[in-house]
Structure formats: C-alpha cells, structure tokens
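Both complexes shown next keep subunit A, but they swap its partner, so subunit B is in the first and subunit C is in the second.
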Partner chain A sequence: MRIEARENVSWLAKLAAPAVAAIIAMAVCAILILWTGASPVEAYSLLFSGALGSKFAVSETLTRATPLIFTGLAAALAFRAKLWNIGAEGQLYLGACMATWLGTGMFDLPALVMVPLLFLAGALAGGVLLLGPTLLKTKLGVDEVVTTLLLNFIVILFVNWLVFGPWKDPMAMGWPQAAPVIDSAVLGQILSKTRLHWGFAIALFFAILSWVLVRFTSWGYEIRAVGLNQHASRFAGIPVDKVVVRTALISGGLAGFAGVSELCGLRGYLTLDLSPGFGYSGIVVAMLAALHPLGVVLSALFVAVISIGADSMSRSLNISNYISEVATAISLLAVLASMFFSHYKIRWR
Partner chain B sequence: MDILTLLFETGFWIAIVRMATPLIFGTLGELICERAGVLNLGIEGIMAAGCMSGWMWVYLGGDLWTGVLFAAFIGAVFGLLHALFTVYWGLSQHVTGLGITMLASALSSFVFRMMLPKATTPPKIVPFQPLDIPVLSDIPFVGEVLFSQSPLTLLALVTIVLVSYIIYRTPLGLALCMTGENPMAVESQGLSVFAIRTCAVMIGSALMAVGGAFLTLSAFDAYYIGMVNGRGWICIALVVFSSWKPGKALLGAMLFAAFDALQMRVQQQSVSIVPYQFYLMMPYIFSIVALIVMSRKASYPKALLIPFRHGER
Partner chain C sequence: MGFFNIMDMSVDQIVLQLTGITKTFGKLVANENISLYLRAGEILALLGENGAGKTTLMNILFGHYVADSGHIEVFGEPLTPGSPNAALTHGVGMVHQHFTLADNMTVLDNITLGTEPLFAIKRGSRAARKKIQSLVDRFGLEVDSKALVKHLSVGERQRVEILKALYRDSRILILDEPTAVLTPQESENLFVTLKLLAEQGLAVIFISHKLKEVIGASDRCCVLRHGRVVFESKTSETSAEKLARAMVGGDIPQTSKVVQEVGPEIFRLQNVSISGQDGTTYLNDIDLSLYQGEILGIAGVAGNGQAHLADLVSGMISPGSGQLFLAGKQLKKITPAAMVAHGVGRIPQDRTTTGLVGDMTIEENMVLENYKQKNYSSFGLLRFNNLRKRALDLIAQFDIRCPGPKATTRQLSGGNMQKLILARVLAENPKIILACQPTWGLDVGAATFVHNQLLAAKKRGAAVLLVSEDLDELLGIADRIHVIYHGRLTPAVSPEATDVSALGLAMSGHADVIAKRLPRSIPKDSQEQAGEVAQ
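Coming up: the complex of A and B.
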C-alpha cells in the first residue's frame, strides 16, 4: 500500500469534503438510532423540523450558532498558526466573568458605550488567559495543548467558586448564579418574541473581519506563513514568536467574545451551564470549515442544527440527546478523513 | 506539624497508592504511544469509555475480570481508530486525538443513557474487594499499603515492571523506541513502522481504558457522566514529567496522588479559610507546574507528531 499526494486538488473536492463528512456522520448516527429501536427517517425528519421547521426553530438555531461562530473563529485563527488553542472553553468563561464583574452595576453607561466596552473587556480576559500558555510555548517550549486544556478545568472551578461564593445572587432563590447584568449591558433581540440577539450579527461581522484579516492583510499572511513553515518564516524575517503571541491574543479574544455574547445576549447572568462545551465544539466547527473564517459560519450553523434538532428529536423519540455530541464528534473525524482522501490517493500494489 | 504525622499514617499511604492507580495505567498507556512517536490525545475519552464499558459489562452480569478485559478491548478499538487516522493516513495527531476523545466520551454517555433510561440515581455493582494475600498482606505497613489493595492496583504495579522490562531489556522495546526516534532506521531494518505504531497505540489505549475501568470497578461502584474529570490530560502532563521513563511515571503518579490525597485531608481539616474549589484546582495547577519544570530538559521522542510515509523524507 502506498499513499500518494494528488497533483492538483480541484476546488470541488475541497468543497465536497465537509459535505461528505456531514453525510457520514448522519449515516453512522442512523445506525445508532436503529439500535435504539427508532426509525432513522422519522428521527431525522423530527431533527430537521425541530431545527428549521418554524420561524422560532430557526431563531433558536441561529442563537445556538452564535457562540459556535466565535469559538470556531478562535480555533480557526489559532490553528492556522499551528497554535493548538484547546482552551476556548476557559477563555469563554473568563470573558463572561469579566463582563459580569464590570456589567452588574460597577458603573452605568449608555448601551452604545457599555456593550462594546464589555466585549472589549471580555476579549482582553480571554486573550490574557491564552497568553500564559502561549508564552510558555514560545519561551520554554511547554506544549500548549495540555496547558490550555488544564486551564479550562481551573477556570471552571474558579467560576464555581464565584457563583457559589462571593458573586452568588441573593435574589436567585438559592440558585448558584451571579447577579444579572444591568439593562444598558443587555444585547437586544433582533427578532421580537425570539431569543435571537444582536450577538449573532456581531458574530457575523467578526467572521467577515477575520476573513479580511487572514486573506488580505500582512498580519494574516504572517499567520498563514508561520502555520505552514516556522523555519522558513523565520528565515524570511517574520518575527515568529511575535506572530504567535498576536494570534493568541486574537484567538483568546474571540473566545472571550463568545462568553460576553452568551451572557449579555442570552442568559443575562453568569451560571455554570453558560456553555455546554462551546469551546470544544468550536474545534469541530473550525475543522469542518477547513479553518476558513467564512466557512466557520456555515459549519457553526450545521453544528447548531444538529444540536437544536437533537434536543427536540430526543424529547419525542426518547433518544438521549447525547446523539448530537456523537454526531459532532464523528463529523470531526469524518472531515479529517475526507480531507485526506481529497488530497491523497491510496495505491494498492 | 500535621503533615509530618500524616506521612507516618498508613491510611494516607494506602490512599496514595489507590489514587495513583488510574494515573499509572493512563500514563503508561500514553508513554507507550508516545515512545512509538504517536501523541494520543484520545486518552481522556478512552478512559471514559473504559470506565463505562467495564462497569456496564459487570452490571449486565459479567464478572469483574472479564469486565476489565472488555474495557481493554474497547480501548484497543479506539486505539485502532486513532492509529488508522494518524499512522496510516498521517493526519494531525492533535485533532484526531481530540476527535477520539469527543467521540468516546459522547458514545459512553449516549450508550449509558440508552441502556439505563430510567435510572435517576446511578445503579451500583459489587466492585473489586481489597486483597488478602496470606503472609504478604500481614507485613506491617508494606503489606497494608501494597498488598491489601484492589487487585487492579497490584496489576498496575506489575505492569510498570513489565513495561520497563520490555522497553529496556527486549528487542521489542528497542524497536518501539526506535520507531519514535528514527522510523527510517526501523524501516531499513525490515520492520514495519506502521505495524509497530499501530500495535503500540492499541496496547497503550487498552491500558488507558483499564485505568478508566479502575474508577468504576474498584475505586467506586457506580458510573456517572464526566467521572474521568481531566485525569487523562493529567496523565499526558505526567508523561512529560516522567521523561518517557516508566519508573519515573510511577514516581510522578505517586507524587501527584500524594498531592491530591494531601489536599483532600487539608480540605477536610480547615473548612473556612480557603474555599474548597481552590483545593480542587491544585491537581491541575500542579500538572502545569510539573510540565513547566520538566519541559526545560525534556527530550521528546524525535519523531513524535511526525507522520511516517514510505518514500518521503
């Protein structure tokens, strides 16, 4: 058996890779659904009508896609520079902490100043959290995968302490949650009678901004160069460490945005279930998009459809909604495999 | 002070050895993978899968030892999947490993929920009982700390000796380490890099799953979702800490478990001074510190993370 690189990969094959991955993921999950005794056809029609079947369902799906776009962008930019930021979950929570700290009555400003300020502060918190592992990587050669992963656990315990301890809202009937953000810090609804908030529009804006950054600016060029070949970049005079640190600040900042947007747009107050693993799903979103910032929007929508749809499907068919996590994980592995087959061929001898 | 008296307390040492057991299995498993040049970030999920599958086997009427074997088998299957992606197709070991972790954890939760849909409190099984070996278990202190443990703990200690022996004293171990250092040289000796790496990842993953199974079959008697709780990631830090040496892996796991046991004792004694969440953070902070300290002089296997392809240099 011999693996050979394909000479030229058509753009069609590149586009087909994520689509094939999505189909494989759904086929494998169909087998799991069969095992539970339900009909896959019925399950999938319930899933899609649950996620896209009505105006409200679509608004829920877009709401779910919002944090996934932010964490997906965070992963996509970092992975482009071969910086393995697996800590988006922690960065998201620290961003939300920062917004809670500043946005629950420390001061009051008009909403047009307050909201950008909170986003900026949340991004700063996320960026700084990723800065530590990044400096350890560039200065001491400590693997950033493990440090960012372990920081997730530390940050979540920190939030646990905050919402059970000093920040516990006495008005919350004993629930472990912080005080709600003040009115001027709330992101309004885009559509009335839905939960879809302006965070979605902000996420789209930053997806476009990230695309411009990666595609058209010298910063983006440096990020891509460092990711492709560090040695060659260094030889060409690119300050590799500086580029990696800059990318880390941007990536951590985007993950921090996810936390602020969920806090100010959806929940209103800090809790321990602010994110059901958006940081980790962001990795899947980024990979499904082949690290393309605009593709991130599409793949975030796909993951959101699966997760919102699985919620309503699981209620009517008694299938555990962990099926959506299984589907997400399989689509990650499947997209890796289909990218491989679009770039290489196997020759049997 | 209190800590000094604690060091002479047999119960404290028993706790350390017990708490080190899953870490020993996990660290050895990861060490074998990395020695062959493959980083296995699937460890966290594979431990969860071992945890759930071993427990489910026993819950459905199997006996404990076949439960351990079944967990190991499930681990090896996920290892094979990881090897297919990273060894044969040469895909990113980071992303594949995270994918395996996501898949294995999600599948474990899904299967558990589907098999026991109505369980509100986690059902229980009868776990491994502490050994009572004649003579050995009666030795004061040593007998209690080493030989009155769960049989899986003893198995962990035997595995360390076995893995050390294989790595340092047999041609098989030489081939394993050479695959992680210089795969071209292995191939020129007529050995298959693909085969060695695949076997290493499968065996390593089986050990990780056994580490997970220890949690449900010995340390506790029930399974709940999220019970591995970062132990897999800690094992990855411990491999760096141990400089890829099995003996030092034991030392690292023991040191880590001692630290964990200590924080639990301190937590019980001083209620109000420091919130308990900060004690729970300690293991993770300790892992990061251990990584920083050891990374300075760490000598990674040279071919770690680098896929091998025939005819490519």
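Coming up: the complex of A and C.
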C-alpha cells in the first residue's frame, strides 16, 4: 500500500470529514452498547434527549461546555505555536485558587469591577504557572510536555493542602472545601432556574477574540509562523522565544479563566472536584477542532452533549456513564483519521 | 559463491530494455512512452532538467512506482513491476545521490550489510573480504575496508556505494547525479572508474544535467524533457550545444555579466573564527571584504565552513572571535532581525525549511521579514489589503507562477519558491545580498533568471556574496572568487585568472593553485588537466 496526497481538497470534503467521523464513532459505540444488552437506538435517543431534549438539558450542556471552551482555547493557541501545554488542569486550579484568595472577603468591590478583577488575577496565575516550563523550554530546551504535566499534580496537591488546611471552611461541616466567594464575586445566571451562568458568554467572547488574534493580528501571524516552521521564522527575524513566551501567557491565562468561571459561576467555593479533568479534555476539544478557535466552541459543545447525554442515558439504561469517555475518545481518533483521509488517500496494489 | 564472470557477457548484448513506459500523477505526465535500451559495456548518460522525469523513470525501474503502461526487460527476462527486490536480484544496482551508508560502521560492514544471514556468528567472512579485494583491484576502487565510513571523504563514500552494488553482483549500474557532491578532480576519478567498469562488460547509466561531463564520459546520451525522450545520439556525434538545446527545448537563455567599477567597501569580516562545542573549528581566522557593485563568490565542497559563514552573515550565529563591520561600523548585535534592519538581503540555501513557511500563503510569506512595518501592520492588526497588493505586484514583477497570492507556498515548484524569496529580498533594495546556492535544483531557465536578478542588483550598486558549489555558476557571474577549505579562505582571484581545475584543486586543499598557473605539487590524477593550463 502507498499513501498519496490528495490534490485540491474541496471545502465540502473538509466539512464532511468530521461528520463522517462522528457517525463512525457512534457506530463503534453502538457495538459497546449492544454488548451491555441495551438497544443502541434507545440509548442514543436517550443520550440526545438528555443533552438537548429540554430547556434544562440544553442549559446543562452549555454549562458543561463553558470550561471546555476555555481549556480548549488554551490548548489550541499553545499548540498552534507548537508549545505543548498539557498543564491546563493545573492552570485551571491555580486560577480558581487566586479567585478564592481574592474573592472570599479580602475586600469588597462592585460586581462589575470584582468579577473582571478575579478573571484577570486568575489568568495571571495560570499564565505565570505556564511561564516556568516555557522559559525552561526556550532557555534550556527542557521538554514542556513533562514539566507542564507534572505541574498539574503539584498544583492539585497544593489545592489539597489548602482545602484540608489553612483555607478549610469551618462552616462546611468538615468537608474539605474553602469558604464561598462573596456575593459581588458571583457570576450571575443567564437563564433563571438553570445553572447556566455568564461564564458561557465570556467563553464565547474569548473564542471570537482568539480567532481574531490568530487570524488577523501580527501576534497571531507570529504564532502561526513559529508553529508551522520555527526555523524559517527565526531566520526571518521573528523573535521566536518571545512569541512562545507570549503565547504561553495567553494560553495559561485562558486555562486560568476556566477555573475562575467554574468557581464564580457554578460552584461558589473551591473543592478538589472543581474540575473532573477539564484541562485534559481541553486537549481533546482543541484537537477535534483542528486548533481553530471557533471550532473549539463546536467541539466543546459536542463533548458536552456526549458527556451530559451519557449521564442521563446511563441512569435510564443502567449503562456505565464511562461510555461517554469512550465515545469522546473514539470520536477523537475518528476525527484525526478522517482529517488524515481528507488530505491523503491510500492506494492498494 | 554466486560470483559471476563478467567476461561471459558478450559486448553489445542488450542488457536492459524499457519499452513504452508511461506514468502519470493526476494531470501530470511524468513519463510518456519512454523507450530506452542499454548494451553491455556502454555508458549511457541520461540528461534532463529537474522535473524532466529522470527520477520517476528510475523509481519505476526499481519498483518504487508502477508504470501505467509499458514493460521492462533485464537480460531478456521481464521485470516484475512494483517489486523493489526484482531489479536487485536481476543485477541492477543503484548509487543514489544521497548516500545510503551507515556512518558508524566500517566499509566492510557497509558493503556486506544485508547480504549475510541475520544471526551469523561472525560478520565479514574471509570469502567476503576476498571478493571485495578482487573488486577493488579490478576496478581501482581504492578504499580501506577497515575504516569507519564517517571518516571517509565524499569521493571514498561514493566508491563504497559502487562496491556495494558490485558486491551484490550488479551487472547494470545506475548512478544518480554522481558528481553533484564531488570536486572536479574526484569527478575525473569517478569517470575513470566507470570506463573501467564498462570495459569489463558492465553497463552503466549515469544521470546528470552537466553537459561537460556527459560529453567527456559517456558513449551514448539520451535527453528527457517533460517526460519524453526528445533526443538520443552517440556522444561522439553530438555536441554540448545540441544537448543543451534539447534539454531546454529551444535557445538557452543568456546571462550578461557586465564588468563595472566597484564602489567602497560595504561589509568586512575581520579575524572571524567559529568553533563548535566539541572544539571543531568551522571558520578559522577569516578575513573577507565585500565591495559595492560586485559579486564575490565563495567556492568549496560542502562541509568546509561555508554553511557557518552563511549563517553568520544571515545573523543566525555570532562569531566566536573576530568582528563584523558594515559600512565601517562594527556590528555589535548579530541577529537575523538586526541583519535585515541593516539592509542585508538573505537568500538561504534551503528554500523549504529556512526560506519559507510552507503552510502559509504567498502573501504571508512575502512579508515574513518585514510584517512589522507600518505598511503591513497597524495597531497590532495585519493590513491584509497591503499584503495582497505587495504579493500581486511581486508575483507580476518576478513572474511567479502560482494560483494566486492566497495559495500556500508548499504548492509552488522549486523555481517559483526561489523567485518568491528573491522577490521578498530584492523588493527591499538590500545593500548587501547573501545568496547561498541560489540555483540549486533549478532548471536552466529559472537559474538564468536568478543570475540575471543578482547581476541587476549588482548593477544598481548592491554587494553580493554568492556561496556556491557550482563552479560554472561562480565563474559565470562572480567578479572575485574565494575558495573555502577546512574553514579557511584562499585569497580572492578573478574568474579570468583561474579555471575549473585550479579551483577544484584549491577546493581539495591545494590552496596554492587557485590561480591559473602550474603548481609545484599536484596530485597525480590531475596533472593532465593542470598541464593544459600554461603559465
């Protein structure tokens, strides 16, 4: 067999590829559902009605998509510059720590000042956390995959210490959690009687802003050039290290946003289950979106639909909700394969 | 032991016959109805410009591609299409342009690699050594079989490749651009070897685009153009002129070098040395002056320090010791951006990895060095309208063949990539132009275009530093030529005062012979050419 590049891939084919991939992923998951003895048709109809079937279901899906958009953007921008930021999980938690530190009564300001301030502080914390591994990469050539990944555990253990120790809320009946943020730090609901908060709107805004950054600005031009050909960029006089560091601050900042948004919009207080791996899922979201900032919104919604829908499906059919993670993983593999096949073909001889 | 006897083969027997080979890639016809034959004991030169279909044809012969139609016979037996082993087992050996040797193994191991059982207790049996020695003796392929390949010169490595093919009982030997990496003297040695091989009944095809060596070394030649055989003749019955016309398909474009008064010194390297971390010296106490309105050539075999010299002038590396002066002022900060800001236009050796970002568009690549200028970005936003306008202007001015300014540069041919880089550099009216191998891999038309652009830049007063391994290029357009050998520069000579063989000797370390005069000590094999040059 031989792999040959396709010439002139049409837009239709590029758009059709992820759709075909999603169908293939669903078909593969159907086999797993059959294996458990349930009907795939019933399972999928429960999945979609659970995620999209009512106003409440939709609001839950959008709520789940919010942190995924932030961490997806964080991964997408960093990966564009070939900076492999695997540390969004830690950056998210550190952002939430910052919001807890500043937002639980240290001072009080009107909400319109307080909330942006917390977002800014959270972004700074996330950005600075990624700065260390990035400087180690640019100055000493230390592999950032290892350092950012391991920093996640350090940060989570740090949060562990905080919520069991100095920040433990005496009013929480012994649960390991920090004090709730004060009222002026709370992100309000978009829809009443749902959990959907303004964090979602902020996530959309930053998705558009990230797209503008990548597509229209000289910073985005530098990020793309450095990511696509670092050697040629350096030769042309683009300050490669500066671009990578700047991208790290933006990427870490977006992941920090995710932590602030979850804390101030959804939970209200810092716990160890603030994020069930949103930082890692963000990598999947970014890859599904082919690193396109607007695509990140769509793929975050896709992942949110599957995970919210699978929760409701598993309750009704007694199938483990791990099926949602299997479905997400298979979708990612299928999308990567379909993107490959939309650009290459295999000739059998 | 399957050691054949070459003498068994009658000379003039047709050993290789390709009939009606056609191969298309999408709309591109790479080979169209090509028929070729090869007799035992003859040297066939296969000529053609880049993209003429030479490589495709050889890939079909070696089973890497399957032809759409046509068939191949070796020694009267049909060759299974698409099987890389078929050609080898039928006795067809290939010496690639880029050698396929393991650097950290000995010559003996490299030659026998793959011919011995995987779990043999001892490598390099006595029989193997004996066979290699007999090949060495018979064909004058002198090389130390115990030496590690990484310690060999390029010429010696090529001999190992040839031995490797002969050890596998090849009776047909194909060499792809064998002289591309050799000095003129090494090339002469190679052709002596090829003649010996042919005299003993082997059949040889060598692929080339250099007319002189084709005329000098082949018995028959065959010219490919646009995938077709356009010319075939006995070499003795044709001329370089006829072959060139057949290759290009018409008149050969001319460059017109003008001798002009040079201006003041614009750029100088003073006592510049560069060493690697392991202590290897790349540049050794270099002094170099570049004047306005001249083309200064740097000749040398790859790996003698010219890459570091080019990196230095590009701003990619700083000198370990020594100074750089630009218009009399010492340069303190040596970075790519600083060099661009000082008016140094840089044409890198490697177009795809250094010159362009292949997945970005033509208009984006056009401003890779100056996107920060007010004209191209304001308030942090790229001014795409101005980018497009510049791209369209330069595409027209430099005749870049492309689907449009929004096409990615990956889609362009090598010649058009080079035109894009030239356009980007020359549009800024640089005072100094560094051109590294600017015509490498280009066809005659594109190469002439590049030469004329450099000559035009010189005419308006730019100083051009031309680093090249192509001596004809240097002799053709340079005003002065340095030779670089082991990190040192010879004194500059004018092209009129030197010639290919003198430069070739200097390139292999005989710095005293760069000028056209009879040297005292020259290697035996080059006495003949050097002798022609009367003092």
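We take it that the second predicted complex is superposed on the first by the 349 of 349 C-alpha atoms of A that agree within 3 Å, B and C clash if a C-alpha of one lies under 4 Å from a C-alpha of the other, contacts with A are read in each partner's own complex, and residues count from 1 in each chain.
The working rule: a residue touches a chain if its C-beta (ideal position, glycine included) is under 8 Å from a C-beta of that chain, and two chains touch if they have at least 3 such contacts.
No experiment lies behind these values; they were computed from the predicted model shown.
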Fit or clash between subunit C and subunit B when superposed on subunit A: fit
Greater subunit A contact set [subunit C / subunit B]: B
Partner chain in contact with A:L136 - subunit B first, subunit C second, else both or neither: first
First (subunit B), second (subunit C), both or neither touched by A:D108: neither
Partner chain(s) touched by A:A236 [first = subunit B, second = subunit C, both, neither]: second
Touched partner set for A:I330, first subunit B, second subunit C, both or neither: first
After the two structures are overlaid on chain A, angle v-u-w for subunit B, subunit A, subunit C in degrees (C-alpha centres, nearest 10): 70
First, second, both or neither for A:R224, with subunit B first and subunit C second: second
First (subunit B), second (subunit C), both or neither touched by A:E42: neither
Overlay on chain A, subunit C to subunit B nearest C-alpha distance, Å: 5
Subunit A residues touching subunit B - in the complex, by the definition given at the top: 2-3, 32, 35-36, 84, 86, 136, 140-143, 145-147, 149-151, 153-154, 157-158, 160-161, 164-165, 280, 283-284, 287, 318-320, 322-323, 325-326, 328-330, 332-333, 336-337, 339-340, 344
Residues of subunit B defined as touching subunit A within the complex: 41, 81, 85, 88-92, 94-96, 98-100, 102-103, 105-107, 109-110, 113-114, 117, 229-230, 233-234, 236-237, 240, 275, 277-278, 280-281, 284-285, 287-288, 291-292, 295-296, 298, 309-311
Contacting residues of subunit C [partner subunit A, same complex]: 26, 66, 82, 314-316, 335-337, 339-340, 346, 348, 353-360, 364, 368-369, 371-372, 377, 380-382, 384
Partner subunit C, residues of subunit A touching it in the complex: 7, 216-219, 221, 224-225, 228-229, 231-239, 349
